[in-house]
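First chain A sits with chain B, and in the next complex the same chain sits with chain C.
Here is the complex of A and B:
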């Protein structure tokens, strides 16, 4: 990996982040809020991509990690007075812990069994949230109190109802995630992950502890997804059980597949495109999830590498 | 009501649940066993079975029994045709790759479900039972139709067992399941077997749905629960194993019914799902049985 190639990669990602920063000055109100949401969802999809795109493990229950962050942070902010920053951290820790436990159990299985088991665990998480409806208010959800919208942090006054602040906080989190993932996947761990994806028995034979590496990937992936969940709950002041449903797990898969699994920027691109496609479809019909179904079938039939995956294959082999 | 009769009622509910679940799970198990395809859209074929049953029954205004028994034949045939077409159009082109087919069947799940929402609408609609007969027990009255569902499911099970183990068709299916390539070398038209099995799996789910729709109503979102329960059953019982599927469906159906009556349905689902997790912990390769050939 030459220095010029590294520079090119960094330049590309800085350019993408700069474009997202600049676009906020021209976006109309509606799209301003929409893009804030998209960026948080993109973090979720990028977390998903660590596991699916790089390690080759298809999880159908990732919404549980998103929900762990969402509820870990949201419930803390709602029921305690620990403060929003601490609630955010607690949300992330919940996700890390949950992904460690789930990983230890689910990674005992491989292939098809792994997909089903993660789906089952995701469903248990969803049912758990609805079961404790006295505290979580189930599908109806909770709206964050005013104390979680305005608070002081390190001497600064933070007002989360401010759209500009929200946009840039989401962008900052996205930037951090982007570079963490970039460093991870271009480093030694990323290569082992890709080796596992391509041929796990051979990787094991070469002396790598594939279980540990997969567990590591799952924890990183779950923690990033939980961070997205925690940010989502706190930024938009709402937590609800629907975020833990299977449909949310599938959304991460769809975003990743569309943008290109196993590319760093793919989930971001996929999130933007898919979010707007669903948004436009929902203006016309209540059955807007039809778009999701059609997109999944068409992608897997005709476009399995996604947008950036195809671009990398055809034109830009250096794309990370 | 005393504890004893209450338990009896719960057991009867559980048996009903188990009967429907066995048929649905059997369809899923058959498709995985022979084709090695995990059909996430299986629950939607179940839902379609119920919706078409409503459609057929509402066209025959005479006696409810006429509509019901016509639906019992017509609805599975339509569902089978849809499954057959989707197998030809989608799964075959993916070469039955496990990962791609899962993604594709998730897509099919949404397409079927949302198309139903567009055409049939968001309402839950009832289908009248073919007959009303109340069995009066000393403690409570029980619907005779529920018992009919249990008997019908057993008859279907025996029929499936007979086809699989005693007919030439069953032999071909088992040969394909055992070793796809050798079967092909012996002149078995693998592709036609696959399409047939996929349609048959969907039809089993549709039959289960037609049987249950007079008790529960037809709704476009009704496919998710049977899908998840079928997965649980199929994992516990071992995919492709008829006996395992029946035993696991009885176990899950009964415990689900009993826990639902005594506690809450949500708790019942949580427990059965966690049960699967435990099975996987203590049997790391899962009960998925032999690796794909």
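Here is the complex of A and C:
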């Protein structure tokens, strides 16, 4: 039974990735770029979901991890000639390091205090970026130089202005993230994460080092978010302080809530839906945030577990 | 008396402000026995076992487990050493399946052998559930079961940890007479493989199960002895009945 369940899970996720691969052949230009962005944002939301959905820790400062990747990679590509691939890795490392430090401090708190502490750190990160305006250009931001758009890597010529390449790079990163998360949450670590979410004192008294497990979850979550940030900056050639603002922290939360917290595919679905909801609403009205707001109220009233969370509860209990 | 001392405390104390909840307790439990810890409300029983399990830190004194000083050891490591604690108020994972609840314990017990196969974890979990008679409820959501069954589930979670010392904090509270009888049988069975420390208010249960009884009053050991001795002890009667 477990084996057939595993097969079903793998088949579902491969099918989702295949659909995303195939849809690029029919998408018009505008949506082609939009979907590229959505996939990168979905990686960010999936990282967020590791902490919020699976571990039950609600962070309101996750934009700092996205920004750590964004600036770690972007500043490296802008100011040094280390090259884009190395800049990408540096961005990821910045996120890993930052999440480790933040985790050691913030995980001393839980619940509302954790929300406040992470929000404060998020604001510190945002203000730090604007404080060093001489280097970061603050809200105005930096546009990546030509050397970061066209370069040679392992004998291959890479042209990041090429939309097809960008789409498929984003898809490849999404696929990697999806399977890493799938392996983690279905394995022993995932079981302990969910146990912490459901009843932390009991989990400690079952002999699990809950602090270390939570720290691990935060580092994985922060690193994935940073990878999304690094990819975003390098693929779309722009980094700016607004990506570190609280709005981006909230966005990850909304994507996750809409799609279903604690489901592997939820953040992806949430990202796509929320992005297009805002996109379509803003064609008709400047008050598009109102539309999002109403959608969220309806969601909380009728689908408090998000779309995939509700589907799992009612019809597909095997959904990871 | 060739048996080994499993756990020993020396001068163990815990103060909450001016209140000496546990005061200078020297206590020892032998391997394989069933020990009951009794005493009036507020005598410090739960505080005492919380000190043993590491949920709270002592103000003074030391704890030795199998000859090693574990006073400063964090709670989760004591669980790995073999001290399992079941909560006074039922503490399970109500949203998870019965199987997953116990599988978590089994996984914890296997932590020292990394890469333990899911099949091994599953087998251990099922064995523990069979032990308490819940093996037909594997897929049920734990929170939907009756209170009595949830208590049994807790015991199964304790068992799957494969403890050397199982601490049960008022396990029969809220159970029906029939369930209590079943429970007593279960504890007897468990005691063949583990030492049991039982906090209990139900005197017939204590008299039936315990090899030795320790009476706690005002955070201090008032008396200790066989059930017959304790029953006849005037000081214990005074503490319980408030005479003298």
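The rule we apply is simple: the second predicted complex is superposed on the first by the 312 of 320 C-alpha atoms of A that agree within 3 Å, B and C clash if a C-alpha of one lies under 4 Å from a C-alpha of the other, contacts with A are read in each partner's own complex, and residues count from 1 in each chain.
Quick note on the criterion: a contact is a pair of C-beta atoms (placed from the backbone, for glycine too) under 8 Å apart; a residue touches a chain by one contact, two chains touch by 3 or more.
From a predicted model like this one, the values you see are computed outputs, not experimental measurements.
A.B. asks: Who contacts more of chain A, chain B or chain C?
C.D. replies: Touched residues of chain A are more numerous for B.
A.B. asks: Which partner does A:192 reach: the first (chain B), the second (chain C), both, or neither?
C.D. replies: A:192 sits against chain C, while chain B stays out of touch.
A.B. asks: Taking the superposition as given, does A:287 touch the first partner, chain B, the second, chain C, both, or neither?
C.D. replies: The first partner, chain B, only.
A.B. asks: Considering only the touch criterion stated at the top, classify A:4 as touching first (chain B), second (chain C), both, or neither.
C.D. replies: Neither: A:4 stays clear of chain B and chain C.
A.B. asks: Does chain B (first) or chain C (second) touch A:202, or do both, or does neither?
C.D. replies: Only chain C; A:202 stays clear of chain B.
A.B. asks: Is A:105 touching anything from chain B or chain C once the two structures are fitted on A? First, second, both or neither.
C.D. replies: first
A.B. asks: Where on chain B is chain A touching in the complex?
C.D. replies: That would be residues 38, 90, 93-94, 98-100, 102-104, 106-115, 117-118, 122, 224, 228, 231-232, 235, 264, 266-267, 269-270, 273-274, 276-277, 280-281, 284-286, 288 of chain B.
A.B. asks: Mind pulling up the chain A residues that touch chain B in the complex?
C.D. replies: Interface residues on the chain A side: 58, 60, 105-106, 108-109, 111-113, 115-117, 119-121, 123-124, 127-128, 130-131, 246, 250, 253, 257, 285-290, 292-301, 304.
A.B. asks: Which residues of chain C touch chain A in their complex?
C.D. replies: Interface residues on chain C, with respect to chain A: 53, 55, 74-77, 79-80, 84-85, 87, 91-96, 100, 103-105, 107-109, 111, 116, 118, 157, 161.
A.B. asks: Would you pull the chain A residues touching chain C in the complex into a rising list?
C.D. replies: Per the stated touch rule, the residues are 2, 188, 191-192, 194-195, 198-199, 201-210.
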